[in-house]
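Okay, structure first, notes after.
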Amino acid sequence: MMPILSMIVLIPLIIAALILLTKTKEQARFLALTGTVIVLLLTVYMYFNFDSTIADNQFVEFIQWIPSLGISYHLGVDGISMPLILLNAIVLPLLIIFTWNDERKSPNKFYALILATEGAVIGVFTALDFFLFYVFWELTLIPLFFLVSIWGGPNKHHASIKFFIYTHVASLVMLLGIFGIYFAAWNLTGTPSMDIPYLLAQFQFIESGIAKDMIFLALLFGFIVKIPSFPFHSWLPDAYTEAPTAGSVLFVMLKIGGYGLFKIMLPILPFTASPNLMISIMAVLGSVSIIYGAFLALSQKDLKRMVAYSSVSHMGYVTLGAAGLVSLSVSGAMFQQFSHGLIMSVMFMSCGIINNATGTRIINDLGGLAQKMPKLAVIMVLAFMASLGLPGLSGFIAEVSVLAGAFVNLPAYVIIALMAIVITAAYHLWALQRAMFGVFNEKLGTVLDINGYQTFSMGVIAILILYFGLNPSPVLEMMLTSSEQIVSLMAAMGV
Amino acid sequence: MDLMLFAPEITLVLTGLAVLLIGLFLPTGSKNILGYLASLGILIALLFTVSSLGTQATAFYGTVSIDALSQFFKIVFLVVALLFAISGIKYTEGNSHTEEFFTLGIFATIGMMFVASANDLVVLFVAFELASLATYALAGFEKKNPRSLEAAMKYFIIGSLSAALLLFGISYIYGATGTTSIPAIAANMDVLVSSPMGLVAVVLLIAGFGFKIALVPFHMWAPDTYQGAPSVVSALLAAGSKKMGIVAAFKVFIVALIALQAEWQIAFAILAVITMTYGNIVALNQTSVKRMLAYSSLAQAGYISMAFVVLTPMALGGGILYALSHGFMKAGAFIATAAVVYMVLSENKDSTDPDHIDNFRGLGKRMPVTALSMTIFVFALAGIPLTAGYISKFVLFSSTIQAGFVWLAVIAILNSAISLYYYAKVVKYMYFLPTNSEKISEPLPYTIALIIAVIGVLVIGFWSEPFIYWSMEAAKVLLIPGGI
Amino acid sequence: MAVEDLAFLIPLLPALAFVLTFFLGKKLPTGGAIIPIAAISLSFLISISITLKLLANPEMVIHQSYNWFAMFNIGILVDPLAAVMLSMVTFVSLLIHIYSVGYMSHDKAPSRYFAETALFTASMLGLILSDNILQLFICWELVGVCSYLLIGFWYEKPSAASAAKKAFLTTRIGDVMFLAGIVILFSDLFKIFNGTIPEGVYILRFDEIFTHIPEIAAMNANILGMEVSHITLITLLFFGGAVGKSGQFPLHVWLPDAMEGPTTVSALIHAATMVTAGVYLVARTFPMFIAAPDSLMIVTYVGAFTAIFAATMGIVMNDLKRVLAYSTISQLGYMMLGLGIGAVIGAEAIGISLFHLVNHAFFKALLFLCAGSVIHAVGTHDMRQLGGVAKVMPLTAATMLAASLALAGIGIPGTSIGTSGFFSKDAIIENAYLFGETTGTWIPYVLAIVAALLTSLYIFRLLFMTFYGKPRTNYGGHESPASMTVPLTILAVFALFFGGLTSKVFNEFVSGTFVNNFVNMDINELATIGGYHLASHGHHHEPTLILWMPMIVALAGLLIAFLIYGLKVVNMDSLVSRNNAIYKLLYNRYYQNAVFTNFFSVKVIYEGLAFAGSFIDRGFDWLVKWTGEIMLEAGESLRQFQTGAVQNYATAVIIGVSLLVILVKVVMEVL
Amino acid sequence: MMIPIVFYLALAAIIFSIGLYGLMTQRSGIRILMCVELMLNAAHINLVAFSSYNGDLTGQVFTLFSIALAAAEAAIGFAILMSLYRMKDTINLDSINILRW
């Protein structure tokens, strides 16, 4: 069979290179669209050939790379990564369409970077070798760094450098963790290997408990910063806010932190010296992020910044759900990643549109936009409702699964999260009221509604939000399979 | 004995002399032919060396040895020399002293290569000095440029000082062991170990080599010299003669003075930490790119000297691989700077600091190839994956953890995190800051040199297996008794 | 095919209507009102025929259930309780829709209106049909968001936008409690099944929940040192949700403000769809409540207190719709009280309470629609500017009178003569008396009685001020079009006669809702778990006075209102003045707004916590920045070593050498 | 009769230190150059002394090489100083510090 995973990873990168050669905006965006659509088709094909009843990796590809260090080119997808790949594959073409008519300098670089990011992110989701994993992990940084620094807002340089270095430090700490597990296994078996499943399986045989905890914490830190979770979130508001709309959406697509949590942290969690400590660390981080992000979002003046903080709050559910260690909560957390990706992309698209149309994002300066932009208003209200966890929309499935599941083991933390729900509703509705409703602020001048391309891409995502809210099974089933396997592992260890 | 073993050196000597002689009869206008000649000679030498990889022999009554280690480092030197020569073609354009430039460069390379294969302190010292003397002259190549002269002067004084220290140290070793042959020294160390002379000698030697490797505090000349000397020469210094110091240190300490391991391990631990931290922190707010690169190469030297501390095959292999990668990255970076300097000077003759970071504004538009390769080099230096810099850091740092020096690895990793700041700053200037000046045509030789370096960086990054293999082989030479 | 197979269409048709109207409405006349009207009338037919079928054979329920995801399902359950609710909601909502055709004719976006109302109705119907608590919660939330959209229908009005937000947020507080209840319930059942849910078992379905009530009741949680049974915890949290939706104290604040929407929306919210959801929830989970110690007591007291609390505010409002709003709150209090009384009368309570709910739906819808018709005609809803409207709009006035009689509960005890309100309210008050007898606490009864007095007082005050006498200002005005008056008339008929005709059969029908082939609950057994002593069944004999009491107070209220506002024997101005403390307290609605909105939400949450949060966040940000700056500073100072004088360099080398010797020695000593 | 080696070593050490001292204190480039030569010669003394004591010639050969190197070094050094002098009319090294920090 064809190396489909290599294709969905490499095609975007190759196309990105091609786009760099293009001269005009038309060629660039056309190539970009083709590339992303190809990836989408391949992913859909893969999705329909994916067996969601087994938890093992599928479509595996394996090639020796640097044998003397046990490094190999090892790809595969499972129930954890498949939905996230699907998410990227779906949103990216729509993102290209969304930006179809935008005017910006050097569009070829722009689209090239977008595709490069897609390739790198999908690479992270498919890599089954720590070396490869880390390579893609770092590779996601660079295009985003450029996207923010070139097309970003007024404060872009500070934001991009901060994001770049902050997350790079995290990656390096994670690398230390990887080294730890790598050599621990090497010393145990005498043969080096960077293979993720193999190393995760070896982890339990490490004698020194301290070593195990250190490795776990180092890896955890790397992922937590990327998620990002309180208190390591301070790169996020700047980066998300300063990034161009497409950049913000790509940031949202960057679900690698949570992915690492499920793919790498949970399988080794029960074998750490003090699992319960680790669990409570994650639970605390998660629940605090939820309520903390909510309060901060409430206090924001800038619409996009508010959305950024709301994303901190939402990603808290991921950490909390992972810590919940009930198949429902874990799969709920995975689903939260998926749905959060969809919802936030619409949110950021809306912010971008409002910013372009009115020239400001300060909520109090807006007002009554719904009268001028009815189409946007409809989609935006839906997105906001989804974001505040309204039933029937994808956000609710995730949150209720996380809350219900996690309550079994972590009641106290769930109560904290529950308190945040009202705040969440508050800042969403308040922002809507001030920005979209009420009397139109004439100072904004003439405001035009979203164009056909934007309507299409946002509309499609909105419909998906609705669809997965009503029928989550298409992605939730495979998540459940994977999470049940993880949880059964926990149960076996009596955690 | 088989002269073919020395085919590379012989080729170089001949080339050097040929360049010198032919240069005498050429009018200034047509001297740039010499550059091509030199490059050709170096290339041939490089091919000889590559083909002789894996051969194992000693010559000249055991004072010179050909082995994986020497060949590996010869490749490093020759690659750097090649980049030096190719970019030199443009640099020396219209200069009446072209032949000196290339001859000196070639002789410096010969010196380095003999250091790499030296098996006797006499040879080592002489070759060391040969390289040094040639580079002293090169540093001051721009006789009319005060900066170049000052650079040369500082380099020379500190250089000769450290030469003296080195020789003094060697004299003690000779006195205590009664021989200058490296394996023989290793064989009868007992006197030296028992006497206080041991420590003194070790420290004197560290100072002597540390000057070339540019370890804090023996580094003081480096920033000034790298900044003041012609960029192409800085490339040779940073990428080439630095490695010479490293290989010499490898031989002398790990092979000859292994009995004093405890002493010099501690010394190197201290120096490595100080050096990498100092280099990175001071590099943070430099405005001269060459100076910034100088400090960054301090930091890199710090990383490499971790190999002395860890002292496992993997660590040494990592260090050796790092030497190669650093050769490509740093030489490339300096040559890119050279291109920029060339551009600036061609725009206004009397610009005092042509390598100021402001001259990099909008380079992405003005010199796309140079900018892109510079980006790759700095990211490689920062250790971004799929570059030579990453794989070398990977091997070196991970070996540090393997050997249990977690604290050292943590320091190193934090350092490379810091370093990202000033590397990213260069990229920021090249791509994100606006410029009013327009695109210019990039000088071909520089471009070729840059492309070669980029290819090197990326190939090592992607297809690392053979490089790791050979560096490990080289490391074995050092560690396995009687390997030499 | 049998009608019960069409049950799923009941919510689906309006939902479909929503989609169609949303996309096609603009192109159709009257904003495509015809689509929802047609859809809802179909739903009504289905519901009513199902109700009749269930009436015929009491054992039967309609239940269908499908897998949704994980261990959750989607399903419909039509038992007597659901059936009557369905019929009522579809009926009232249908009339309101028809009425709206006329009422919204001048609005600029009628299609959006009809789409949203259709969705509103659909989600309420879905709520009623749910066979599991999760689905119920989902529809519950949808109802909330629809109310948000409808209250904020005229979103360009800032007051409307903020009222909508207030409504959503306030109910959201309740919803969170409800959700918390569900979460706890889930984890309890999850533990009961100890983690392995068999295939095809949906643990949040009512039958599963009810069958495990004893186990849940056995679990105890320690909250602030006191042992609370999980069942109590869960039911109270559910009740919290009900309090939010059904505007019980203290979460009733949103309801009066909800007047910002079109009057028809208010009618929909108050009569048919939204507020009754809370009562329905408690009725639906009644087996849990009766098994939960103390829960029903709290329901009783909250209900009774709300009844009187709202009534007091009703007397002083000058805004037509606000009076009605407070009356709704008060009546909902009665319904809750009715359910709470279940503590002594068991399942009958459901019948009684639901009966009042249905009747209230009729007359309250009628009241609002009349008010709407008045407002529509004269363009103001300040009663002080009205008066003598009866002359202009006789039909409206007549129907309004009917509705008021029903609300006041006029009727002759012991006979089957009387308005609908009479029968249902009377039943509640009588049972409140019984409650007093059994438990020995008379507070609920007293509150209920006084509330009854106030009720008739404020409603007749409204009646006299608006329709009686001569106009205070010269407003134009005319009788409303047929599309509005016809629904009024129909509702009037129901408000007057429905109760009298159906009271007996209705109570039996609904009270038996938990005894059928889906669930079969022995309420008395559960009551013992809850520790309630049910009064002996059979007919109770209250003293005649008690029997007549509600009637008397109602008439008394009527009389007082007539004297003050009709004949003006007392000069109100002396009382109605800013320096009358009580009046001020009532008029400012006990300063809840100041407390809840201005102080709590703005000061504490927004300015307090949120900004504290942002301060902390700046701290983190500063920490990151600071690290960077330290580095740069260090770099700046370390540079200075590089003096540029070569001697210093040489010195550095030499010092370096000597230091290194010493350091190495020292370290070697240490190690 | 034979002078113990310690004397030679001491002498060499002294000369070496003088060289160091000069290197640190002197301003004139020429003098600094001379100091460097002093230090080298100190090393040479060591080598020769050792070689005669160890009784093999390596040390002396080494010295010869080294002297030659020293000469070359001196040549280059003077060349550099010369051109510095041409440009700045001074060989006072303190005044030559454009490159710093």
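Letters A, B, C and D name the chains as they come in the text, with residue numbers starting at 1 for each one.
Note that a contact is a pair of C-beta atoms (placed from the backbone, for glycine too) under 8 Å apart; a residue touches a chain by one contact, two chains touch by 3 or more.
Note that this is a predicted model, so its numbers are computed, not measured.
Peer 1: Taking each chain's centre as the average of its Cα atoms, which is closest to the average over all protein Cα atoms shown?
Peer 2: So the chain nearest the centre of the shown protein is A.
Peer 1: For the chain pairs B-C and B-D, which is connected through the larger number of C-beta pairs in contact?
Peer 2: Higher C-beta contact count between the two pairs: B-D.
Peer 1: So how far apart, in whole Å, are chain A and chain D when each is placed at the average of its C-alpha atoms?
Peer 2: A distance of 65 Å separates the two centres.
Peer 1: What whole-Å value do you get for the distance between chain B and chain D if each is reduced to the mean of its CA atoms?
Peer 2: Whole-Å distance between the two chain centres: 26.
Peer 1: Per the centroid of Cα atoms for each chain, what is the distance between chain B and chain C, given in Å?
Peer 2: 78
Peer 1: Distance from the CA centroid of chain C to that of chain D, rounded to the nearest Å?
Peer 2: The mean C-alpha positions of chain C and chain D differ by 98 Å.
Peer 1: Which residues belonging to chain D are in contact with no fewer than two other chains?
Peer 2: Only 23, 32, 93, 96-100 qualify.
Peer 1: Chain B: which residues touch two or more other chains?
Peer 2: Within chain B, the residues that touch at least two other chains are 153-154, 157, 161, 165, 223-224, 421.
Peer 1: Where in chain A do residues touch two or more of the other chains?
Peer 2: Residue numbers touching two or more other chains: none in chain A.
Peer 1: Mind listing each pair of touching chains for me?
Peer 2: Going through each pair of chains, those in contact are A-B, A-C, B-C, B-D, C-D.
Peer 1: List the residues on chain B that touch chain C in their complex, please.
Peer 2: So the residues of chain B in touch with chain C come to 153-154, 157-158, 161-162, 165, 199-200, 202-204, 206-207, 211, 216-218, 220-221, 223-224, 262-263, 266-267, 270-271, 278, 281-285, 418, 421.
Peer 1: List the residues on chain C that touch chain D in their complex, please.
Peer 2: Result: residues 639-640, 642-647, 650-651, 654 of chain C touch chain D.
Peer 1: Within the complex, which stretch of chain D touches chain B?
Peer 2: 5, 12, 16, 19, 23, 29, 32-33, 36, 39-40, 42-44, 46-47, 49-51, 53-54, 56, 58-59, 61-62, 65-66, 69, 72-73, 76-77, 79-81, 83-84, 87-88, 93, 96-100
Peer 1: Which stretch or stretches of chain B touch chain D in the complex?
Peer 2: Per the stated touch rule, the residues are 121-122, 125-126, 129, 133, 136-137, 140, 143-144, 146-147, 149-154, 156-157, 160-161, 163-165, 167-168, 170-172, 174-175, 178-180, 223-224, 227-228.
Peer 1: Applying the document's contact rule, which stretches of chain C touch chain A when the two form their complex?
Peer 2: Interface residues on the chain C side: 68-71, 134, 137-142, 145, 148, 152, 155-158, 160-162, 164-165, 168-169, 172-173, 176, 179-180, 182-184, 186-187, 190-191, 195, 601, 605-606, 609-614, 616-617, 620-621, 623-624.
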